[in-house]
Amino acid sequence: MLADALSLWARLAGAQIRSQMQYRASFAIQSAVMFGVMVSDLAPVWILSRFFGSLDGWSFAELALLYGMVETSWASVETVLRGFENFSVYLIQGDLDRILLRPRSVILQVATRDFDARKLSRIAQGLLVLAIACFALGLDARALGWVALGVAGGTLCFAGIVMAGAALQFWTLGQAQELQNVLTYGGAAAMTYPVSIYAKWFRRVLTYGVPLAFVNYFPALAALDRTEAAGVPGFVPWLSPLVCAAVLALGMAAFARGLRRYESTGS
Amino acid sequence: MGSVRPYLQFARLAFQRRAAYRLANWTGVAVNVFFLLVHAQVLLAFFRARPGALGWSPREAVLYFTASEALLMVVGIFTDVRYNLAERIRTGEVVTDLARPVTLYYRDVAERYGTALYYLIARFPPVYLTGVVLFGVVPPLRLETLLFPLSVVLAVGVSAGLWYVACASAYFRNTASGELSALVFVNTVLGGMVVPLDFYPDWLRAIADALPFRATLYTPVALLSGKLSGHALVFGLAHQLVWLGALSALSLAIESRGLRRLATQGG
Amino acid sequence: MIEVEKLEKTFRVSRHHRGFLGSLRNLVETGHDLVRAVDGVSFSIRAGEFVGFIGPNGAGKSTTIKMLTGVLEPSGGEIRVGGLVPRRDRLRHTAQIGVVFGQRTQLWWDLPVIESYTLLRHVYRVPEREFAEQLARLERLLELGPLLDVPVRKLSLGQRMRCELAAALLHAPKLMFLDEPTIGLDVLAKEAIREFLATENSERGTTILLTTHDLSDIERLCPRMILIDRGRVVYDGAVDAIRREFGSERRLVVDFENAAPDALPEGVEVEERGPARLVLRFRRDRIGAAALIGWLGEKASIADLSLEEPPIERIVAELYRRGRP
C-alpha cells in the first residue's frame, strides 16, 4: 500500500521533472540560483555575527546549525508536498475537480502536482550548511542524533503547517495564499534565530501556537547541552517528535475537513 | 519617446491593476509586518551585545528595518513577475506591444511608477506605522528628510532599470526566470535589505557601494532613518542618479538590439 | 447503470457588499443566500444507453454531473452509479468511469501524449497487457499514431480532443461522462469525434452521458435526451418524440404558377406573402401536411414547394422559454 503510493508519487514527480527539463537553460540557472539563496539567507546572519560577536550567546556556527536544520526540513517538505503551496490556484482554477475524478488519494495527487526538482538543490544546500556547522562545532554522535531528530520532526511539522495553510484556502476561497506563506517561509525565516531573542508573546506563539520551536530550537539546545542554561526543562526536547507529529495530524485533519466542506459546497 | 500621454496611461493602468486586489494588499501588509517583527527583534538582540555600535542606536536600527520592509513593495524589487517583459515575450504578447508606437523600456518604467504610487499609498503607511507603534520608534525630523521623496523616485527608476536588464535575455532565449530570481537574491544582500550596509565588512561594503543595488533600498531607507547626511548623502543621491542614467542607456541599447532580433526571428 | 432519485443541491452564496467599505464588511459579515441549483432531479439510465444531457447555462447541468462523478456531495436525494454511491465510494467509483471536460485538459501539458497515457495507466492501475490492447484499439480508431510523441501543448484542439478521449478510456470504463467534447472544433474534427463515440457506444456497449450546447451532437448521437432547466427535468425521452410532442409547428414554402390564393384553411398562419409565393406555418395536430398541400393545389397551380420540420434548436429554445415566468 505504502510502496504503491510511493511509486505513484515518484512517477508523478518524475513527469514534472521531465516537463521542466523542456526548458533546460532556465532550469540550470534557477537550480544555481536556488543554491545561491543560501548566501542571501546566511549573509545577514554572518555579517551581524561578525560585527557583534554573538547573538544572545549563539555563535555564527550555532546559528548556522539552526538555519541548516530548519532549511533542510522545510526544503524537504517543499520538495515532497510542493502542490500544497500552490493549492489556492488549484481551488480557483478547478484543478481540484480533476484530482477528485481520479481513483487515488487526494493528498498524493496534490502533493506531486507542481513538483519542483529545483527544490532538491535547496535540500542539498540545507544539508551542506548543516554538515559544515556540525563539523565546526565538533558535535558528537549524541548531539548529531538530536540534530537528526529535529530535522525529521521539522519535516513533519512543516508538512502539517503547509497542509493547514492549504486547508485555510477552502474557507478563504483561495485568497489567503500570502498568509500560508507567512506560516511557512516566514516561520522558517524566524527560526533561523534562537527563539530566546524574541519578545515573550512572540516566543509563546512559536512554542504553543505554531510550534516551530520544536523543529530546531529545542533539539539544538539539547545537542549543544544548553537546555539548562536556556532555562528550558530537560524533557522538552524529547517532546519534539510528539509535537511535530501532532502538528502533522492536525494539518491533515484540517485539510480533510476543508475537502469535505468543498465537496458539500462546491466552492 | 514621442508623447508622454500613453505612458501616463500605462502608469494609471498599473495603479488600477494593483488597486483591484484589496484583500491581497491587507494580507501583504500582514506579511510585511511579520518579517518586520522578526528582523527588528533580531537586530535588537544583536544590539544588546554592543549598544551604540558604529553610532547606531538600537532604535535607529529598528527604524531602518521598518522603513526597509515598508518600502520593499514600493521600489518593486519583489514585485510580482507576471506582467514583466520576459513573460510578455514568452507568451508572444509582446507582438501587441510592438504594434504600438511605444518604447517598451519607458512603458515598463511607467508601470513601475504606477505600481509604486499604489504601494506608497496602500502599503507603506500601514507597515511603517505598525513598526513605529510596536517598537515606539519615532522617525527623526530633519532637513535631509525632505530629500526622501526624491530618493524614492530615483530608487523606483533604478529598480525598473535592473528589472529591464534582467529580463533582456528573454529577447534572445525566450525566458529570463533564472536571471530574475538571481536579481532578487543579489538585491537582498547588496541592497541592504536586512542589514544596513554600515555593518558590512569593508570589502563587501565597497562592492555594494559600486554596484547599483543599494540605490533601490539602502539609500532611501537610510535617508528616512536619519542615517545619511553630509558626504554620504551626496554620494547616495549621486550614486542613484548615475546608475539611473547608466541603466536607462543600457536598457534602451538592449531594446533596439532585442527588437531587431525579434523582428528577424519572429518572436 | 445510473439511478438518480430526487436529487437536490443547495448552495450557500455569500452576499457581497460593493466598494471599499463593502469589502471590509465582507470580511466580518456573513450574509448568505440559499440557491437551489438542482431541485428534485430523477432519472435512470440503463447500461449501453447514449443520453444527451442538455440545458441552458446555469440550469444545474454541471452541478448534476459533479454529483454523478463524485466530486460534489448531494444535499438531498440519492445517486447510485453501477451500484455505488459516487461520493462515498469515490475511489471505486472513479475507477469505473471516464470523464472528459472539453474545456480543460487531463493530459500533462509539456509532455508527449504517450507519457500522459503511461502515467494514467499507473494512476488507474491498469495491467500492462490490457493497457497495450486498449491503447492499440484507441490508436487505430482515433488515428493517434502520429500524435503520441508530440507534447500536448503543440497539438491542435481537434487533435487534443482525440487524445483526451483516449485518455479517458484507457482504463476501459463502462460509463463515460462527456462535457462539451466538440466545443470549438471544426466540422471535420467534430465528425471524427462523433463517429468514434457512436462506435464506442454501439460496439463496446459503453454507456455515455453527453453534455453539449451543440444540439446537432445530440441529434446525431443520442436516441434519448434529458433536458434540465432551473434545477428540474423538463423533458426526458426520445429525441424524435420531442418533435412530435413539442415541435408540432411546421413550415411550408409554396411557389405558385400564378397568383397565390387569398384565403387559407383554419389553423394556418402566413409568415410571408409574395405575389406568387406563400410561407406558411401550421400545427401538425390541426391540419396534416398532405391535406394542406391538397387544399392549396385545388385553389391554384403549384410550381414548387418545400416542407420544413422545425430545427431542434428552436424546439429546445421554446422549451426553455416555457419554464420562464
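By letter and in written order, the chains are A, B and C; residue numbering begins at 1 in each of them.
Note that in this section a contact is a pair of C-beta atoms (placed from the backbone, for glycine too) under 8 Å apart; a residue touches a chain by one contact, two chains touch by 3 or more.
Values in this document were obtained by computation on a predicted structure and should not be read as measured data.
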What chain lies closest to the overall centre, CA atoms only?
-> A
Among all other chains, pick the one whose mean CA position is farthest from the mean CA position of subunit A.
-> C
Would you kindly tell me how far, in whole Å, the mean C-alpha position of subunit B lies from that of subunit A?
-> 28
Let me have the rounded angstrom distance from the C-alpha centre of subunit A over to the C-alpha centre of subunit C, please.
-> 47
Length of the line joining the C-alpha centres of subunit B and subunit C, rounded to whole Å = 53
Residues in subunit B with touches to at least two other chains are numbered 23
The answer for subunit B against subunit A in the complex is residues 23-24, 27-28, 30-31, 34-35, 37-38, 41-50, 53, 173, 175, 177-179, 181-182, 185-186, 188-189, 194-195, 199-201, 204
Note which residues of subunit A are touching subunit C in the complex, please.
-> 7-8, 11-12, 15, 18-20, 22, 94, 97-98, 100-104, 260, 263-267
Over in the complex, which subunit C residues touch subunit A? Could you list them?
-> 9, 11-12, 63, 66, 69-73, 75, 87, 90-95, 99, 101, 104, 106, 108-111, 115-116, 119, 122-125, 151
Complex contacts: residues of subunit A adjacent to subunit B | 23, 25-26, 28-30, 32-34, 36-37, 39-40, 43-44, 47-48, 50-56, 175-179, 181-182, 186, 189-190, 193, 197-199, 202
